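Written out below as structure tokens is the structure these notes cover.
A, B and C are the chain letters, set down in written order, and residue numbers restart from 1 in every chain.
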């Protein structure tokens, strides 16, 4: 499409000795009334030898604006108004004023030789200009386009789509996305939801399959991604302009651990109409022990404890193990493990020998025991004694599917554990190329908590650093959000190829990381409305402001109103619900009769087995797993056995 | 006690002043006393204009001109001066902003052609530049020639201003006034127009003496004198005039903030002298700083001058570093 | 309450072609003798309850002497310990494959023994304030197993069952050797019981502090040598039964001396030895055996003996050893085949996998790669290629 270009310039580049034009920055003035503002993209044309055509074309983005008059000093205004502000407005003449703008260069054509911006006429950028200015021409068109729409550049009455380069957003050239912004506006979550939808629709076919894994760490934010939200006409228009169908995610899988009762799901998506597709997330001792380091170094780095945990994993778990005090152990459950710990402590105390047990100090052992028993009590619904009865579909990840792991109400320790294990498993499978998809976007909010710049070294932070630095080769892509970017670990934010900023806290903007931004851009950031973002992307030499439509999914807050979470079910009812989910034929009373007077642990275990096995006849399998009850019968009274005649012949 | 005599005279009733006259910089060309006839009053009086209702015209056009020159060459000892004159009218409407309504400019060469060598003469002729000839008696001495060139240039400027002013008057709307920087009486059309006023900042001519002179020159701020009619000199037209003090002179000098206003010579002018004065009092704001003459320079006139200077060819000025707009604070 | 826990009597088990003076199988008589000695000890220890955790007979149709013998011994117990109930469950060996075959075990109900042969039963003994959940092999093999859980009502709860816990199977014993029901720890829920009496694993073994395999009373498995080795490695004091104090599950092992020993003589490495030299070493091993090999079950492994060398051994001498022992098994093993790589290389020649293994073992690797796994994969790939090559050339 050929754009008819408005031939009227809106400004002129000016340069003085004090404010010269450079290859990276220039100044221009406009009429007092103008459509451009901070963030607007402009085109400068060098006056050629002819009238218009000819020289160099420079694209810039407005980063600052100035207005001033010919007033020599403020005192003179006071003098002329005789000290009365009301009279200042009565002056018969208005002073000469200027609107002077500073713009940062986005691109020069030709690129070489790089020269100061010519003192030419300034025009509002068109669609095509925006594409040129942001170097999007290199990847939006061509044989294998890899543009991912991130929003609309909106200024001077123009709306132009802005694309990110998939190779730089999702690897392998660069990867990861970081988004900062004050909390409470839902901008971060909305932006990520929108961008995921955009990725799912525009991820180039030649790059294969892609999925997203979102950790829901607070409230109901990500609990309704499969439900349509309300959009207005402006949103729909923007979707159309960006080439995205405004619809909720087609494939979403929810995972949540149980509550402490082991049968009610620990999520806000418990409305009867929705809870059916929430899969439980339940792990066993060995899953926990593999990532037990997570539990340790929240407070300190402790190589000894690590060594002891390794010892437990390698030598004790699921093996015959002699405690050295005459006791044999086979540790399969948390209870078994505690038995071993007790035996060790008792043994050491009785023998009075020393504080060491197999080169491990008793203090280390106590510490490990405390942390492990912590996790088994504080995250009762996540860890069981019965092995992993329900886990993410490792190896079976599906294309264009969002996996939501809801750990919003899980103890922080448990959140860390879930996080560490899920990410490690993703990594493991991506390394082996058997996850089911070629790329996974992992969305983590609250990076201030998980990867702070200072504070103790934690396993989770180490892992985030590892993804940040090496994930792009694997297709493991981190989309991370936080309130205060300055307080996130440098290498995590530094490795994010693409950075989004929502409305920012003024104090945050005052930190050194934002010095490159002009005061005007900072002001704009500090007052950015919902739905607008500032984008930094490797192809863009300057940050660009874009507007994105509301995500087409039900917002968490609205979702909770429309689908209020159900009250916790009684144990029996929860079991009924879980079974009915697997097999619609099951009647509540059948289940209740079956489980009456059974131990909850046994019921949970049987339920877990059903979940694991997915039999055709869930009830029959459940009954089998519970086992038939054997009623007691009193032994019949017996006559004493009279002495018999000896058998005539010894048999042997 | 070197300065005690100053305190003493102040104590004795002298009005304090602080003024280093331009004269000290070298030029003294005070014109002599010419005299005036009372129109409003027989003897010059002062009127406070504070209570007068200011005239509030719907639109006002302001006219000013500039001249710039430099010696660009010599033919023998005869200087060749490049001169530039320009004038503009900037119109102020209800939005209080000034916009250019008309402008003229002219570049000229000033020299004595027959004192130049033939190739020089030919070059000038072929360039098409307008050449103004110096009088023969002025051309012989370079110093005199330059002074004469300046006079020619001023004459050219005044001619441009006059021409522009007259064109402007023709287009002036019914509720529209023209304010000219300088005297009206040079132009018949200006002198005769009822909504044209001249604002004079330099007081080379003196019309009073004795008690009337003192009344005129010690006029308090916000006061005007009676309307008078200067006695005509030479070709000047009949005009009414009065003094108006914009800013208190005490502490500065007698001419500080002092304007002389010229307007059409008729009874209506007398009737609205206070209203006109009150209007001009309002024009004190905004200040036309950083111009040194801000006490007398109306901002719109300053604006016209700024406009003209920014449009003038850069290479005429000896100081190319005129920065516009100033970014002092 | 004192409980006696016996298991895996395997009465009627026969092995080796050696007869008793009366013409019966000697090993069958040995197995019976072990049980007789056990009953002798039980009559002294006087437990309050006796449980037999399956495989009373070695087969569904035991020999007549075995049937008679059990009758005799159970009668001794019933007459001697009049108040002690006896609970016997059927194991995989004495459970018929089809119901119409019936079970001889029911015969012993006539003696007042509680025989549980097909469905699980929970038997309450009010005088002991005790309930025994007896779960025979058959009950564990049906689609819907009984729930192995105690019920409220009795002060003490005992579980008796016959089956193999998945995680204690010796890897050298494949499950098919067993035919026993397989169990998990979660199935047992040992913590909920006062005591779990297990049968089906022939070496004394604790599953939890209160859950034990008592082991068999004799070596009644063709692979007796594996048991011998396991007993040695875990310091198990041999064969016997358990006395258990309930509550508390304090166990005492009551060893039962066998009629004879199983002697695994120190193996001989025959590489490079002549037949004569081997004969000498065999003679030395036999001479050095303590106790002497006479009437014992003896094994001697000789590694790396070529077929020709084996033919030249002193067979008369060997026949003599066989005559002395109840059984003398000279286990002569051929050298393991080695593929030779490279011609004329000095010293021991390496196979291709060895060469690869050695190379991969010292090649520099990224720190985070698991070298063992790396080497294993490499060798596996080589194997695969080798296999394909062999097939292609065949």
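In this text, a residue touches a chain if its C-beta (ideal position, glycine included) is under 8 Å from a C-beta of that chain, and two chains touch if they have at least 3 such contacts.
Because the structure is a prediction, the values reported are computed rather than measured.
J.: Going only through chains that touch each other, how many steps at minimum separate subunit B from subunit C?
T.: 2
J.: Report which of A-B and A-C is connected by more C-beta pairs in contact.
T.: Greater number of contacting C-beta pairs: A-C.
J.: Can you work out the whole-Å distance between the CA centroids of subunit B and subunit C?
T.: Taking the mean C-alpha position of each chain, the two centres sit 128 Å apart.
J.: Centroid from C-alpha atoms only, then distance subunit A to subunit B, rounded to Å. What do you get?
T.: 73
J.: How many angstrom lie between the CA centroids of subunit A and subunit C, rounded to a whole number?
T.: Centres of subunit A and subunit C (C-alpha means) sit 55 Å apart.
J.: Along subunit A, where are the residues that touch subunit C in the complex?
T.: Checking each residue of subunit A against subunit C gives 318, 320, 327-328, 330, 332-333, 335, 385-386, 598-599, 602, 605, 623-624, 626-635, 638-644, 647, 651-652.
J.: Considering the complex alone, what residue numbers of subunit C touch subunit A?
T.: Residue list for subunit C touching subunit A: 20, 22, 24, 28-29, 32-33, 64-66, 68-69, 71-72, 75, 78-79, 82, 85, 111-112, 114, 120-126, 131, 133, 143-149, 151, 153-154, 167-168, 185-186, 189, 191-192, 206-207, 209.
J.: For the complex, give me every residue of subunit B touching subunit A.
T.: 60, 92, 95-98, 279, 282-287, 289-290, 299-300, 303, 306, 323, 325-329
J.: Using the touch definition from the top, list the residues of subunit A that touch subunit B in their complex.
T.: Touching subunit B: residues 16, 18, 68-74, 76-77, 79-81, 87-88, 90-96, 98 of subunit A.
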